[in-house]
Amino acid sequence: MRLSAQERLAYPLLVPAAALIGALILYPIGATIVTAFATTDKLGRIVGVAGWRNFQALAADPAFWQIFRRTFVWTAIAVAVKTTAGLAFALLLNLPFHGRRAVRLLTVIPWALPYPISAMIWQWTYNSQFGLLNRFLQATGLWPHPPAWLASPGSAFAANLIVDIWIGLPFFALVFLAGLQAISPEYHEAAAIDGAGAAARFAAVTLPFLRPVIVMASLLSVIWTFNDFSVPYIVTKGGPINTTDILVTHLYKTAFQFLDFGPASAIAIITFLTLLAFSLLYARLYFREVG
Amino acid sequence: MAHGPATLAVPLREAAGRRARSRLWRALVLHGGGWALSAVALGVLLFPIFVMLSTSVKTLNEVYQVPPVWVPAAVTWRNFVDIWTKYPLRTYMLNSLIIGAGTTCLNLLAAIPAGYAVARLRFRGRQAFMLLLLLIQMFSPIVVLIPLFKIMAALHWLDTYWSLIVTNTVFTLAFSTWMLASYFRAIPAEIEEAALVDGCSRRQAILRVAIPLAAPGVVTTIIYVFITAWNEFVFALTFISRTEMRTLTVGLYTFIGRWAVQWHYLMAAALVGVLPVVILFMLVERHLVRGLALGAVK
Amino acid sequence: MRRRIALAAGAALCIGLLAVPALGGGAVSIRAVWMEYDARYNTFWQQLKKDFEAANPGITVDTVIVPWSEGHDRLVTWIAGNQAPDLAIVGTRWILEFNKMGVVEPVDTFMPKAFTHKFIGPALEARIGGRLYGVPVALSARALYYRSDLIKTPPRTWQEMLAVAQRVAKPGSLYGIGVSGKKFAELTEYVYYLYGNGGDFFVTNPDGSYGRCRVNDAAGVEALQFMTDLVNKYKVTEPNVAENDRGTLQDLFLAGKLAMIETGPWFGGMIQERAKSLPFAVAPMPHNQGKPQHTLLVTDSIIVFKSAKHKDAVAKFLEFAYNDRHRLEFDKDFGMLPVVKTVARNAYFQTPFYRPFIEQLPTAKPWPLVAEWSKVEDVMWDAVTSALLRAKSPRQALTDACREIDQARGVK
């Protein structure tokens, strides 16, 4: 193969990145794929060929499908709320009122905290006896009889969602804000001269300009939320009765608690393929958007 | 109008007064509304932070008071003294700092050339490489935890900074390469070409022209990578076993024991531990955010 | 120029990081993994290391301390990566799982007979098929803690306990008895009721091994039914049981919100530390009327890994660690019952506080030792919580659990 001048320059530049990725991502992925089709001992050493058995066992397990569906619901709700609330927040921060810089600075805090620490703080906040959240809801009369958040399946799932959204919201708000500020005021003025009201200007000017940012941020968020391990692992440990497990926590338990490395690798492959299929669809949209 | 007849002065002044009042009114609505909405939003967003602050200055007894108190009657600073003297919090923070800095270094060494190549050069496999980066972004670290652990064990890198530096680098590499590529792409090609015409080698053109012009992107990348490494949890939990090598996130996690959680210590330690990063974040927030948003658009 | 300096500084930093020296010296070194019993920053292990190294120059102990909640998963990861330590504390109930991996060296292959004779009978839980697979390090039995200002005579049976709970409970401010429904590192309350009702987890085969799961028999179902009734019918427990694990339940007792709680000897020290003025006493675990009294006995053991290079050094260390002074200190620090005969005679344990624990030991039952215990425990937790939350009837929950457990263990 003859290399062009540009290629002779490009390939050496790619060597460090490619070497790191090859050694620490592609090789482990390969190992995972092999393990998914193998039977292993309790140390994850391959002892035989399983063929599709690990996958068939998963397909036949209703608990797995439940977790699979739950992961979609989890991701869809979290990303939808983060996107809309983030946009609303960004519009607020874009208003030229005094002190908005201070507000923006404070908004950053949840983003800057490590996930596990946020999860631990929330776990404590949710405590129905010693926690301040229910105390606040009752004292202000906003919710006289709040649920014991982590004590029943529905409210525990909601509680985890709230934590995930809380962690992710600042990213959306601030990235959207930057997007809003990049829109030249002339477009709004032009639309205003044409007699467009605030809502019409939002639809005609703001949204189209923000679209690439929204697409990028929500794609990243889908990936991050789908793979969010710390929140369900720390806040509820997947409970009560596994009702807050999502695919990654289920995978972790299967591998490290039950030492079923073959099935765990199969879950890993399914998780990856699901995200891949989604992202390819999304990436098409993105490339069409950005050109 | 300013030169109008004197007889018009009075109504004009009244009109000006009305305009001023309406301006005042609009300002009130704007600022008041802005403040009110911000107060609600921040109240929601900062509630857990308040819980952290309040718990960190409670005594053990007040932590478990029912109903819980908002602010302890006697604020105690003892918890901060205790965690600073009894727990190796300084070591945890130093470890996280070294790992964060190391990751940032290694990441830039790999991402700048790769980002440049992707942005500027035509080569076979370019699309495939870009797609590969996107795929990596999708991989949950949990999925490859065991094979990675085995690699680290084989290299005798367990319990070293390197194990975390290289893994954190790899898992941030995709994002940083994409981001840097978008910055390089935004630099007009003519500037570099001019440098080449002036007798610079390609390498000099990259080092002296392209990288300095992409500096905002580099800074954004540094911040993103550093924060991600600083906050990383699962690898640090797996690759590090010795107490004196623990990172901040894992060190704080160990405040949860088999029998009890020392919530007042946990919150105090969390506060001390996250403060540097929160301040850093606030200092560079504007930059980071613009970088992220524009990186996506360019 | 500034940029070049920054670049140079960055490069220097990178090289500096590269040069971080590899750890580990030339002397004989043994690596020990200890588990953190509470969240206090304990000096016991560091002190033991120092004392041992002073007495044995030439051997160093590399001490790694892990929180219990992470302990199992960390050890598995290290073993899988061929990085097993030389010795580690484990829950004795995990030993079969590790043994199945073929990594545990029986202690009696390299320790003198006299050493294994140091221990009291109930502590030697890790004696399996005539071999001793672990040295007992921590022993506990579970008992009933109660508020002595509210309850004069402690209940001996479930029925008395229910009556006492109904008498003292004041809705909203004081709950009768604690029940936890949140998954925890061990199957906390159900096992007390199961053993206190003459039930068991598995059918014992003639050869002593464990056969089918039997928690769905009359004794097992009745035990769970009683717990469910405490929660949902009589409402004498704290509300929202699924929110609490053993830790937060203890917090409730310490906060003065619970009249009775079932837990281990360490809790006495926690009350001393956190709620000195709380009047409390300890009594044997209540049992179902007409059934024999059995409480749960739990041991943790130190196992030695086959891969340990310097077994002689490990043996020296174990001999050293099991001197009376350090053992007493351990038991005091972590609130455990003595495992060594000579320590058990110490005046420290001859108190009204320790008496109920020690008196229960002869009839106390340990966890069943099966290799699939982590899975069994997880399934059982889900069954108990589904019954407490009324997602399933106790019978249904336990029948489903047994099916899953037998399937996981490959027992027909």
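Which chain is which? They are A, B and C, in the order written, and residues in each are numbered from 1.
One rule holds in what follows: a contact is a pair of C-beta atoms (placed from the backbone, for glycine too) under 8 Å apart; a residue touches a chain by one contact, two chains touch by 3 or more.
Quantities reported herein were computed from a predicted structural model and do not represent experimental measurements.
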Chain closest to the middle [Cα centroid of all protein chains]: A
Chain pair with the higher count of C-beta pairs in contact (B-C, A-C): B-C
Furthest chain, CA centroid comparison against subunit C: B
Chain centre separation (subunit A, subunit B; CA means) in Å: 16
Chain centre separation (subunit A, subunit C; CA means) in Å: 36
Centre distance in Å when subunit B and subunit C are each reduced to the mean of their C-alpha atoms: 39
Interface hub residues of subunit A, defined as touching at least two other chains: 44, 129-130
Multi-chain contact residues (two or more partners), subunit B: 64-66, 109, 145-146, 150, 253, 256
Multi-chain contact residues (two or more partners), subunit C: 77, 80, 251, 255, 257
Subunit A partner contacts - residues on subunit C that touch it in the complex: 72-73, 76-77, 79-80, 97, 100-101, 181-183, 238-243, 248, 251-252, 255, 257, 374-375, 378, 381-382, 385-386, 389, 391
List of subunit C residues in touch with subunit B within their complex: 3, 10-11, 13-14, 17-18, 20, 22-23, 33, 35-41, 62-70, 74, 77-78, 80-83, 185, 246-247, 250-251, 254-257, 266-267, 270, 274-275
Subunit B to subunit A touching residues, read off their complex: 30-31, 33-35, 37-38, 41-42, 45-52, 54-55, 63-68, 70, 109-111, 113-114, 116-117, 121-124, 126, 129, 132, 134-140, 142-148, 150-151, 166-167, 169-170, 173, 177, 202, 227, 230-231, 233-234, 248-249, 252-253, 256, 263, 266-267, 270, 273-274, 277-278, 280-282, 285, 289-290, 292-294, 296-297
Footprint of subunit C on subunit A - complex, ascending: 41-44, 127-130, 148-153, 237-242, 253, 256-259
Subunit B partner contacts - residues on subunit A that touch it in the complex: 4, 6-7, 9-14, 16-18, 20-21, 23-25, 27-29, 31-32, 44, 89, 92, 95-100, 103-118, 120-122, 124-125, 129-133, 135-136, 166, 169-171, 174-179, 182, 212-213, 215-217, 220, 223, 226-227, 229-230, 248, 251-252, 255, 261, 268, 271-272, 275-276, 279, 283, 290
